[in-house]
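Scrolling down, you'll hit the structures one after another.
The following pair of complexes shares a single chain, chain A, combined with chain B in the former and chain C in the latter.
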Partner chain A sequence: MHKINETEIHVFIDAIGHYFNQISNEIAIVKAAYLASDAEPPPLYDYLGTINLSGDYQGSIYFSAPRILIRHLLIAMQEPNRTEQDFLDAVGEIANTLAGNARKHFGEFMNISVPTSTAAPFTELQNSTRIHPFVIMIKWRQYHASLVIDMERIH
Partner chain B sequence: MSVSKKQGLGKYRVIVIAVALFLVFDLGVLILNFFTSYQIGQDAISINLAGRQRMLSQRMTKSLLIIANDASAGRDIGAGKTELKKTVGLFDSTLKAFHTGGSVMGGNDKMVELNAITSPKGLQILSEASTIWQGYTLATQPIITQAEFTPEQLTTAITYARANNIKLLGLMNGLTNDLEKIASAKAERLRLVQTIGIGLALLNFGFILFKFIRSLRRSDELVEQAQQETDEILATVKEGLFLLDENLKIGNQYSASLRTILLQEIKPGADFIAILGSMSSSETLVSARDYIELLFGNHVKENLIISLNPLSEVEVQLTDSRGKSDTRYLSFQFNRVLVADKISHLLVTVQDVTERVHLVTALADVKGQSKVELSYLQKILAIDHEQMHNFLALMETSLTNINAALQQASEHGGADYHSIINKILRETHTIKGEAATLGLESCTSNTHSFEQEMIRIRNLPHIQGNDMVGLTVRLDDFFERLHLVRTIMSSVTGANVSTLTPVAHASNLVDDMQLLCLSIASDQQKQAKLTADLAALPKLPECLTKELRNITIQLLRNAVSHGIETPDERILLGKSPTGSIHLSCKEIQKDQFEWVIRDDGHGLDPERIKSALLRNNYYDQEALTSMDTRSIVMKIFEPGFSTLTTAHANAGHGIGLDLILDKINAIGGRLHVKTRVNHSTEFIIHFALGRSPVAQSS
Partner chain C sequence: MKLMIVDDSSIIRNRIARISRHVDLAKLEIDIVGQASNGKEAVDLFVKAHPDIVTMDLTMPEMDGVECTKALAYMNPAVRILVISALSDKSTALKALKNGASGFLYKPFNDEQLISALESLVN
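So, the complex of A and B:
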């Protein structure tokens, strides 16, 4: 196993930042970055977008946000519908953005699954790849969301 | 180059020959024109004079008739004779000149050169005219030459003239016509030659134009094609390519990648040194200029100095359009461009080799790390297992505290990153102090580097959450290291180290502190000896001993780094070259303890503290003036304060004393400081067993 570095973490942070800025013209700021553990699992909100990694990398990247944040995001996107599926699609699109940026940065060395989005309660994150997954707390407007980077390089 | 010259001549050979032919045609026509014009001029004289002969033949007859008329009327015949003489003489000389060529009186009473008639018809006319003229000359001779002539002689002359006058006129007319015909034929020929000549010249000119335009067009096409290919190459190539002239100016063409690599707009003719100066150090700039000048010098072989290139892997600071600065590594390769065996330019190839450098560094780090790990392992195995276990437990607690501090930033409205960093610094400093007492250099060095990174962030004008991400990555490294050491310890001792109950060994404290004292002193080329009287220590609970141990580590580091002078300074001050540090623990009343660490160094100098406070912009002069000496001395406990101008592993970050206050508060103690300049500093901690929050919580 090889540790991932700061630059690699920023690939995902930048993807989220760029997405929110593009949709709303308002930046999403990093509030804090810390390490999760079994005793202190990553904070998860109402919705969860996930991409699973394979190839030279192994693990998952998660983005979780509360319903109110997604609702404001849909408003910013001028999306007239507010069904449950629209909420899931919005989270899925963020996960898709994460996948796109990862593909651009890591290229052929990383196999990325089709992004998925689910609503609480979650069964993910039970078997984490890392002992301490990275938790990046993001604030957009007055709402918090979490970006969890639970990946390792295996080659 | 000689090949290209030959090719150049070959390319223009046809055009050169065509131009030469054009000139030859024009010159030929000009010469022929000149020659024929001269001949036509001569023919014009002949025609004029032949015409004059016609007129003279009539005037001679007229003169004879005038003489006869004047004689019969008894008038003076002088005028008639003179006229006859002149007319006959002129006719005769002209006729002779037509025969043999020569000078003759022209129409304007000037001598003109007359060419002999050569045409057969002209010669025949001249022959017939000469025969008639002989008779004419004989018949008129007496009248012209004799003063008195007989009427018969006059009658004979008039009769001859009347008989041959028309014939002679006809012959001279024929001669005139013949000459006109010859002149006309010449003029006709001249026109033909001119027409052909000019025609050929025009054809030639057309050929030249055709050939030249085709050649130009082809050349243009080739140039255009070459330009397009060059443009395509420059737009596609990943390296930054450009030419550098002797004045170190960038050429007009350069690859599109250059802007991407240098992260700035490049203009043709831009000063390379100025561009380099905006991103690298002045030393690099000087070396680069020297190297480029060396390359432009003809006397040094290029291959011999390639290894001297100071820009083959240069560290640069690049700032993007958003003002974000980044450290990159660029490789500039210089190759001479020769024109006619002289250096005209340098071809510069720029590559961003940051990834490569990072990879090489990472590889070297891994190699170095393996060595460090091995030595680390040896050190770990040499340390008492329980001591090591205590250290690991402390490390885990501190790392967990650091993580909690980082997590804390997300929980409240506005995160106070500054105070979070100070908190993390204190925890890191505890680990560093303990690692140093155990002689774990690798761990000391890692924590020191972590501290430096935090101090860099703390000094940023506006700390943002993004800046803190790197700290979390490093924290994860520490956790991994902790996990690794525990795994090693478990496999060595056969016990699960993490499950062992921490046991503090007070008896080891003095030994550890003495070792630490010697180690720090040796690092700073100082001499120091620690003595201790810890008679009351066994009365203290382990949890308090642990905290006092942490406090003592920081105070000891402080005493050696800031208190004890160098041996030379101490000798000058009349002190022993070896500094003394004394540690004591006394029970001053029932459950009331006093923990003292005293050094005989140069004491806390309020003026030195004042200067440091001013230098680091903690307070202005006015605020400092209003403070008493005690207040100034107590400022040493402010986070980030240090009197040192440069930090090293043992001091200078201003973390230790801040941490001490934190720990003293944790045991519910009170701190007193006694100091005398150039004499001593004493840190006295009073605490009571019953009041210690640490003891109570444990």
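So, the complex of A and C:
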């Protein structure tokens, strides 16, 4: 099993920057990138979008954000509907987009699932592949979100 | 020109529909004839609505976008399909084009990029 390195984490950081810039014409700031631990678990907010990986990779990619951030993103997209289903849809679509964009680096054999989305309360991230998943903390406008990369190359 | 929108995200479907009604595109007389949230729904809708152009997501439940593109292109070789996907590896785009897609637009896209891609598709 091959560990994902720091350079490869930048693939996701670039994807985050590109996403928020394209959708809102505003930059998102990466506040921190670190390895999660028992003392510092990945921060989860109101909504969680999950992409499961298969093929040459195993694990999951998670995007979590508070309701207010998703609400502002929906406004930026001029989306008039803001039901609970729309918030879940949005967080899943963001996870899907960030994981899909990462295939530019990781290649076609990083198979990604359709997104699943859930709302808080959460217990903890399931199916942990890495003992210490990577956490990327994002700030867009004044709101925080997190991208958790829990993946390893298996082939 | 009749447009069908295929994506498992209702937010993306709504966004494509909204941008497609953009004033520049209105000159191209695009009429949205239906939306589908997976490949199977898209095939059923395609038979009923006879769209001229289709926007197609790739990662979808039931039937994925490559399979759906292949099916639609088989049913009507003249249909123009714009794949709109986050899958950014080159081989996925080539696979979609090989199976009948006419163009490829990466997510996340902005309004101008979608309009430009649709204009290229229509023209």
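Just a few scattered comments:
The working rule: the second predicted complex is superposed on the first by the 149 of 155 C-alpha atoms of A that agree within 3 Å, B and C clash if a C-alpha of one lies under 4 Å from a C-alpha of the other, contacts with A are read in each partner's own complex, and residues count from 1 in each chain.
The definition used in the following text is that a residue touches a chain if its C-beta (ideal position, glycine included) is under 8 Å from a C-beta of that chain, and two chains touch if they have at least 3 such contacts.
Everything numeric in this text was worked out from a predicted model, so none of it was measured.
With chain A as the common reference for superposition, the partners chain B and chain C occupy compatible, non-clashing space. Judged by the touch definition given at the top, the superposed model places A:Gly100 against chain C, while chain B stays out of reach.
Residue contacts after overlaying the shared chain place A:Gln22 against chain C, while chain B stays out of touching range.
Centres of mass aside, this uses C-alpha centres: at chain A, the angle toward chain B and chain C in the superposed model is 70 degrees, to the nearest 10. Partner contacting the larger number of chain A residues, of chain B and chain C: C. When the two complexes are overlaid on their common chain A, residue A:Asp86 makes contact with chain C while staying clear of chain B. Contact with neither chain B nor chain C is seen for A:Arg71 once the two complexes are overlaid on the shared chain. Nearest C-alpha atoms belonging to chain B and chain C sit 13 Å apart in the superposition, given in whole angstrom.
Against chain B, in their complex, chain A makes its touches with residues 3-6, 9-10, 13, 29-35, 40, 131-132, 134-137, 144.
The part of chain A that touches chain C in the complex is made up of residues 18-19, 22-23, 25, 74, 77-79, 81, 85-86, 89-90, 92-93, 96-104, 106-108, 112-114. Across the interface of their complex, chain A is touched by residues 403, 406-410, 415, 464-466, 468-473, 475-477, 479-480, 483 of chain B. Across the interface of their complex, chain A is touched by residues 8-12, 14-15, 18, 59-61, 85-89, 91-92, 106-110 of chain C.
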